[in-house]
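Scrolling down, you'll hit the structures one after another.
Common to both upcoming complexes is chain A, partnered first by chain B, then by chain C.
And now, the complex of A and B:
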C-alpha cells in the first residue's frame, strides 16, 4: 500500500473560504488543535469573488432596519421554504459578526458619521449590505486570513511554533471522510496536490466548508474548486442533503467574449442605479413583477428613479427583484427575440451617472469589462445574462450547531442547506458564512469536548480510500481509457442544457440517463504523467463528486412538480402550497450492488417543521396565505400583524 | 476568427526543465490562460498551472509572459500578433515546483513577521468610528490580491536568494504601511520596518508598482511614506532620546 502521511487534530476544517476560516478561528479560540485543509493556496478561496456586500441589519443608513425585517426579507426571498430557525439566527447574529471583523482589522466603507456604510441590494427592504467598494469578499477573506496569522503569531510567542494549534494544509485535497465502527466521524483522507503524496487526518470532528457545485455547469460564475466535494463527501459518509433542486442562476453574468462567459457582474451595479434594458431599449423588468410581490415594487420608471434618492416615499425598482425573478425575466426576453447581439440583455449604468462616479463606486467592474471585454462601462451598456452562481441545497444540519446526521460531521456556508430556502438574497451569503461558520466551529468544539473517547479510524477504510485515489493511474485492462477533460465537458453540457433555469420532466429524465452513462465511463478514466501537481488526475477525482451532485440535483428537480425560487418547471409553472411543506432529501442508496466509484443516490420527500408562532406573527396573514395551505395557518396567532 | 497560436512553455521541475514549443488554437476574445487550458485538454493533460477565479480576483495565476510578470487570466491574446511566439515561464524569484507552478511559501513566511492589527484597549465591537477619508489610504493597499508579482519583480530578491531573509518585499512592506495608516491601530511598526523588514533595501525603482495588476501605487503611497516615517523617527532628537533612555532601562 502506498505510503501515507498522518496528522492528528481535534477539529479538521475542510475548505478555506469564509465559512471554513470563521469555523477554524472559533475552534482554535476554544483551545482546540485545529487544521484547515484547502485545495488552493491560503487566501484564494472563491469567497474573494463575492462583490456586493455582507447583509446585516445594523441600521447605520436606515435606522428602521432590524433583525425582524431582515428575517422577513430572507424568508420572502426563499419563498418560505427556508429553515426558519437558521434564518432567525442569521438575521439576529449577522451584525455582531460584522462588527467582530472590525476588531480583526477589516476596513469597510464608511457613513459620513464614521460607521460602517450599507448599500441597497435585491430583496432587502433597507440599505443593509456592509461593503468595501465591489470587493467585499476579498476583504472578508483577507481579514480572516490575517486573523488566523495573528493567532499563529500568538502561538509562536507562547510555544515557539506558529503551527502548534492552528495549521493550514494548502493545496491539499480531501477525497474521502473516514468513520469509526459506530458511524461517527474519525478523520479524512486526501492527497497533496503538489507532490501527490497521500495524507490522512485523524480527527473526532470535521467541519465541511467546501462551497458549491457550479463547476458541474458550463456557464458559471464559480471557480474550478466548486466541484461539490463537501456535498459528495457528506453523502458517502452517511449524511443527507436537502433542497438540491434549488440552484441559483445569477441574472447578470458576462456573456461576451466566450472565454469569460459566466463571470459575475455584481448586483451592486443595479443597487447603485444601473438598469436592465432589452434590445428595444425598454426597461422590461416593470412587466415581470410576480403576484406575490405586487405592491412592493415601483410601477413607473419615475417612481423607481426617485427611490434611489428617497426610499421612504417611493417603492424600489423591479430591477432589484430577487435573483430568480430577474434571471427568468432575462431568459424570457432573450427567448422572445429582444436580446442583445450575444444572447443577453443590456445593463446600463453609463447613462445613469457620471463616469468618475462609476469608477469610484464600481472599480472592479470597470476594470473587469475594460480588461476582459474591451468595454468601457462608463460609456456603453454591458451585455449580461444568467450564470450558475449558487446552490441553495446542501448538507442537512442542525441549525444551532451545524451538525449533520453523522456524529462529528458539521457543515457551514454554501455546502450546508436550508438557510436560503429556494432562493438566496444577494448579500446573505457572506453573512451566512460568518454566522454559521462560527456556529459550526463552536458546535465542533463542544462535540469534541463532550467525547469520552476518540473515534478510531478503520484500516480497511484507509486502504480503500488510497486505492480509489490512485485508481486513475492504474486503469483496469480492457477499459475504454477515458479523458477526464472530455468527461467533464460532457457533464457540464448535460447539466447546463437539461438542468438549467427552466426545466421539464423529459429533460430531467434525459439528464439522468446521460449522467448514468458518464458514471460508467468515469470508472475507465486514465491520466497521463505522474502524481506531481497533475491537473488531469485532480480533475479525474473531482468528477466523482460532480457526478453524485449532478444526480442529486436532477433527481430532486424531477420530483418537485411545482415552480419555486431556483427551480422552475415549465410543465408545472405555479407555486404549490402543498409542496411548501415538503422537502426533498438525498442520501446514498447503499446496498451490496452499489457502485463504489460513484455511489448511487436516492431522493425522498420529508416534511418541513412548521414555523414558530412568534416568527409567523411577524408576517401579515394575507402574505402568508399566498404561500401556505389553510390548514397550516390555523396556528396563526390571533390579532398578530407585521 | 481562430488561428494557430505559437506558444513556448517552460516545462520541468526543481531538477531542471526546458522551453517546449506548441501550436494551439486561439479564438477571439481569449486570454493566455484559455489557451493553456486548451493545451491541457488536448495535448498536455499534466501541464501544471495554478489558477482559480479566471477573473483577476484571486491572484493565483501569476507567471511571466515574454519575460514580464503578469496574470495569465488577465492577459488577452489580442495584445500579441497572430504569428508572434508567446513565451510563458514560471515566476523567476520563487523555486519551481512544476511547469508554471512555483513555491510561494516565502510570502506566507513574511506575512507572519508583521505585527498584526492592534486595536485600542477597551474599544468594543460596534464602537469603531473612522472617516472614509482616513480608511481610504489603507483600503487602497487592501485591494491587494496577493499575486506576488511585485515580489517576483523586485530586484532586491529577484536573482538574490541571499536577500530573502532580511527583506519582506513590496507586498509585505505595504502591509506594514497599511497597518501604520489604519486609523485605529495602536501598535508601532516603524522601527521594525527598517530593521526587520528591510525597508532600507528598497531604492524606490517602482518596478513593483509597474507590474501590480490592481494598479496599487505601492511605491508612492506605501513605501515612500514609510521611508519618511522612518526618517522622521531617526532624526527627531526627542524620539532619539526617548529610545536611548528606554534602551538603557531595558
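And now, the complex of A and C:
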C-alpha cells in the first residue's frame, strides 16, 4: 500500500469557508485539538465571493426589526418547507454572531452614529444586511482567518507551538470519510495537492463545511471548489441528504461576454435602487408578483420608488422579490422575446443615481463590468440573467448540534440542508454559516467530550480509500481512456440543460440516463503525468462527488411533482400543500452489486415535523392557508396573529 | 426547459475570435526536465473578450492536462491567480488578452521571489509568514462590548483602502527589494499592518510599529511604486507604506 501520513486530532473540520472557520474557532476555544483541511489556499474559500451582506435583525437602521420578523421572512422565502427550528435559531442568534465578528475586528459600513449599518435585500422586510460595500464575504473570511492567527499566536505564547491546538492543512483534499465498526466517524482520508502524498486523519468528530455543488452546472457563480464534496462524503459514510431538488439560480449573473458568463451581480444593486427592465424598457417585475406575496409589494413604479426613501408608508419594489421569483420572471421575459441581445434582461442603476454614488456603494460591480465586459454601469444598463448560485438541499442534521445521522459527523453552512427550505434569501447565507458553524463546532466538541472511548479506524477502509484515490493513475486494461475535463463538461451541460431552472419529467429522465452513462465512463478516467500538483487527477476524483450529487438532484427533482422555490416543474406548475409536508431524503443504495466508484443513490419521501405552535402563531392564519392543508391548521392557536 | 441557457448570439452578432500564442514557463521536477524550468508554447483560438485565465484553461482542457496554476473565484476576489504576464504582475482572471497585445506571443511566468512548486504555482508560505508576523488581528484592552464598538464613518473610511487586500502577493512579488532579500516583510504585510494601525478600534499600533521598525521592515522600501502598479485591487500600496513610515516618526496614528 502507498505510504500514508498520519495525523490525530479531536475535531477535524473539512472546508475553510465561513462555516468551517467558525466551527474550528469554537472547537479550539473549547480546548480541543482542532484541524482545518481545505482544498484551496487558506483564506481563498468561496465565501470571499459573497457580496451583499450578512442578515441579522440588529435593528440598527430600522428598530422595528426583530428575530420574529426575520424568522417570518426566512420561512416565507423558503415557502414554508424550511426546518423551522433552524430558521428560529438562525433568526435569534444572527445578531450576536455579527456583533461577535465586530469584536474580532471585522470592518463594517457604519450608520451616521457609528453603529453597524444595514442594507435592504430581497425578501427582507427591513434593512437587515450588515455589510462592507460589496465585499462582505471577503471581510468575513479575512476576519476569521485573523482570529485563527490570533489563537495560534496565543497558543505559541502559552505552549511554544503555533499549531498546538489549531492547525490548517491547506491545499489538501479529503476523498473519503473513515468510520469505525459501529458506523461512527473515526477520521478522514485524503491527499496533499502539492505533493500528491496520501494523508490520513484520525478524529472522533468531523465537521463538514464544504459548501455547494455549483460546479456541476455550466453557468454558475460558484468557484472551482464547489464540487459537492461534503454532500458525497456524507452519503458514502452513511448519512442522508434532504431537499436536493432545491437549487437556487441567482437572478442576476453576468451574461456577457461568454468568458464571464455566470459571474454574480450582487443583489445589492437592486437593494440600493437598481431596477430590472426588459428590451422594451418596461419594469416587468410588477407583472410577476405571485399570489402568496400579493399585497406585500408595491403596485406602481411611483410607490416602489418612494419606498427607497420612506419605508413606513410604502411597499417595497417587486424587483426585490425572493430570488426564485425574479429568476423565473427573467426566464419568462427572455423566452417570450423581450430579452437583451445576449439572452438576459437589463439591470439599470445608471439612471437611478449619480455616477459617484454608484462607485461608492458598489465599487466591485463597477470594476467588474468595466474590466471584464467593457461596460460602464454608471452610464449604461447591465445585461443579467440567472446563474446557478446555491443549493438549499444538503446533509440532514440536528438543528441544535449540526450532527448528521452518522455519530460524530457534523455539517454546517451550505453543505447542510434544511435551514433555507426551497429558496434562500440573500444575506441569510453569511448569517447561516456563522450561527451554524459555531453550533457545529460546539456540537462536535461536546460529542468528543462525552465519548467513553475513541473510535478506531479500520485498516481495510484506509487501504480501499488509498486504492480509490490512486485509481486514475492505474486505468483498467482495455478501458476507453476518458479525459476528466471532457466528462466534466458533459456533466455540466446535462445538469444545466435538463435540471436547470425550469424542469420537466422527460428532461430529468434524460438527465438521469446521461448521468448513468457518465458513471460508466468515469471508471475509465485516465490522467497524464504524476502525483505532484496534478489538476487532471484532482478533477477525476471530484467527478465522483459531482456525479453522486447530480443524481441526487435529478432524482429528487423528478419525484417532486409540484413547483416551489428553487424547483420549478413546467409539467406541475402549482404549489401543492400536500407536498409541503413531505421532504425527499437521499441516501446511498448500498448492496453487494453497488458501484464502488460512484455509489448509486436512492431518494425516498419522509414527513416534515409540524411547526411548533408559538412559531405558527407568528403568522396570520390567512397567510398560512396559502401553504398548508386545512388539516394541518386545525391546531392553529386560537386568537393568535402576527 | 430553461430559456436563458444559450445566448441567442445571432441577435448580437458573432464574437470575433483570433489565434493567440502563450509562452508558458513550466517547471516540473518529476518530469524529464528535472530541476530546470523550460518554456512551452501553445496556440489556442480565443474570443476577443477572453482573459488570460480563459486561454490557460483552454490549454489545460484541450492541449495539456498537466499545466498547473491556481485559480478559485475567477473574477479577482480570492487572489489565487497572480502571475507574471508579459513581465508584469497581474491576476490572470482580470487580464483581457486584447489588453496584453495578442499579436505577439504572451509570456506567462510564476510570480518572482517565492519558490516555484510546479509550473505557475509558487510556495506562498513565506508570504503568509510575513503576514502573520505583523499580528493581523484586532488588539484591544479592557472589556469586550456587549454589542458592537462604535466607529464613525470617517474613522472607518481612514483605513478602507488597505482592507481591500486579497493577499494575492502581486505587490510583494513585484518588489525588487523582496526579490533580493526574502527576509523583507514586503508590501502586503505592511498594507495589512496599516489596516490595523489606522483602525480607531485597535490598540496594538505600538507593537506593530516596533515590528516594522526592524531592519527588514518598512525602511527597506525604496519607493519604486511597483507594488502600487501591481495591485489588482487598486490599493495605493506605496502611499500606505509611506503612512506607516510617517507614523513611526511622528507616533501619530
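The criterion applied here is as follows: the second predicted complex is superposed on the first by the 642 of 642 C-alpha atoms of A that agree within 3 Å, B and C clash if a C-alpha of one lies under 4 Å from a C-alpha of the other, contacts with A are read in each partner's own complex, and residues count from 1 in each chain.
Criterion: contacts are C-beta pairs under 8 Å (C-beta built on N, C-alpha and C of every residue); 3 or more make two chains touch, one makes a residue touch a chain.
Keep in mind that what you see is a predicted model, and the values were worked out from it rather than measured.
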| item | value |
| --- | --- |
| Superposed partners chain B and chain C on chain A - clash or fit | clash |
| Partner chain in contact with A:124 - chain B first, chain C second, else both or neither | neither |
| Touched partner set for A:496, first chain B, second chain C, both or neither | second |
| Which superposed partner A:146 touches (first chain B, second chain C, both, neither) | both |
| Which of chain B and chain C A:167 touches, first, second, both or neither | neither |
| Which of chain B and chain C A:560 touches, first, second, both or neither | neither |
| First, second, both or neither for A:194, with chain B first and chain C second | both |
| First (chain B), second (chain C), both or neither touched by A:44 | both |
| On chain A, the residue positions that both chain B and chain C contact, one per complex | 40-44, 46, 48-49, 99, 102-105, 107-110, 112-115, 132, 135, 138-139, 142, 146-147, 149-150, 152-153, 194, 223-225, 256-260, 263, 364, 367-368, 371-374, 483-485, 489, 527-530, 532-536 |
| Complex contacts: residues of chain C adjacent to chain A | 1-9, 11-12, 15, 28-31, 47-51, 54, 60-62, 64-68, 70-80, 94, 96, 117-119, 121, 124, 128, 132, 135-138, 144-153, 155-156, 159-160, 163-164, 166-167, 196, 199, 201-202, 234 |
| Of chain B, residues touching chain A in the complex | 13, 27-31, 34, 40-41, 45-60, 74, 76, 78, 97-99, 101, 104, 108, 111-112, 116-117, 119, 125-126, 128-132, 135, 138-139, 142-146, 179, 182, 185 |
| In the complex, chain A residues that touch chain B | 40-44, 46, 48-49, 95-96, 99-100, 102-105, 107-110, 112-115, 117, 132-133, 135, 138-139, 142, 146-147, 149-150, 152-153, 156, 162, 194, 223-225, 256-260, 263-264, 364, 367-368, 371-374, 483-486, 489, 527-530, 532-537 |
| Partner chain C, residues of chain A touching it in the complex | 40-46, 48-49, 58, 98-99, 102-105, 107-110, 112-116, 132, 135, 137-139, 142, 146-147, 149-150, 152-153, 194, 218-219, 223-225, 255-261, 263, 330-332, 334-335, 339, 341-344, 364, 367-368, 371-374, 385-386, 483-485, 489, 496-497, 500-502, 504, 507, 527-536, 570 |
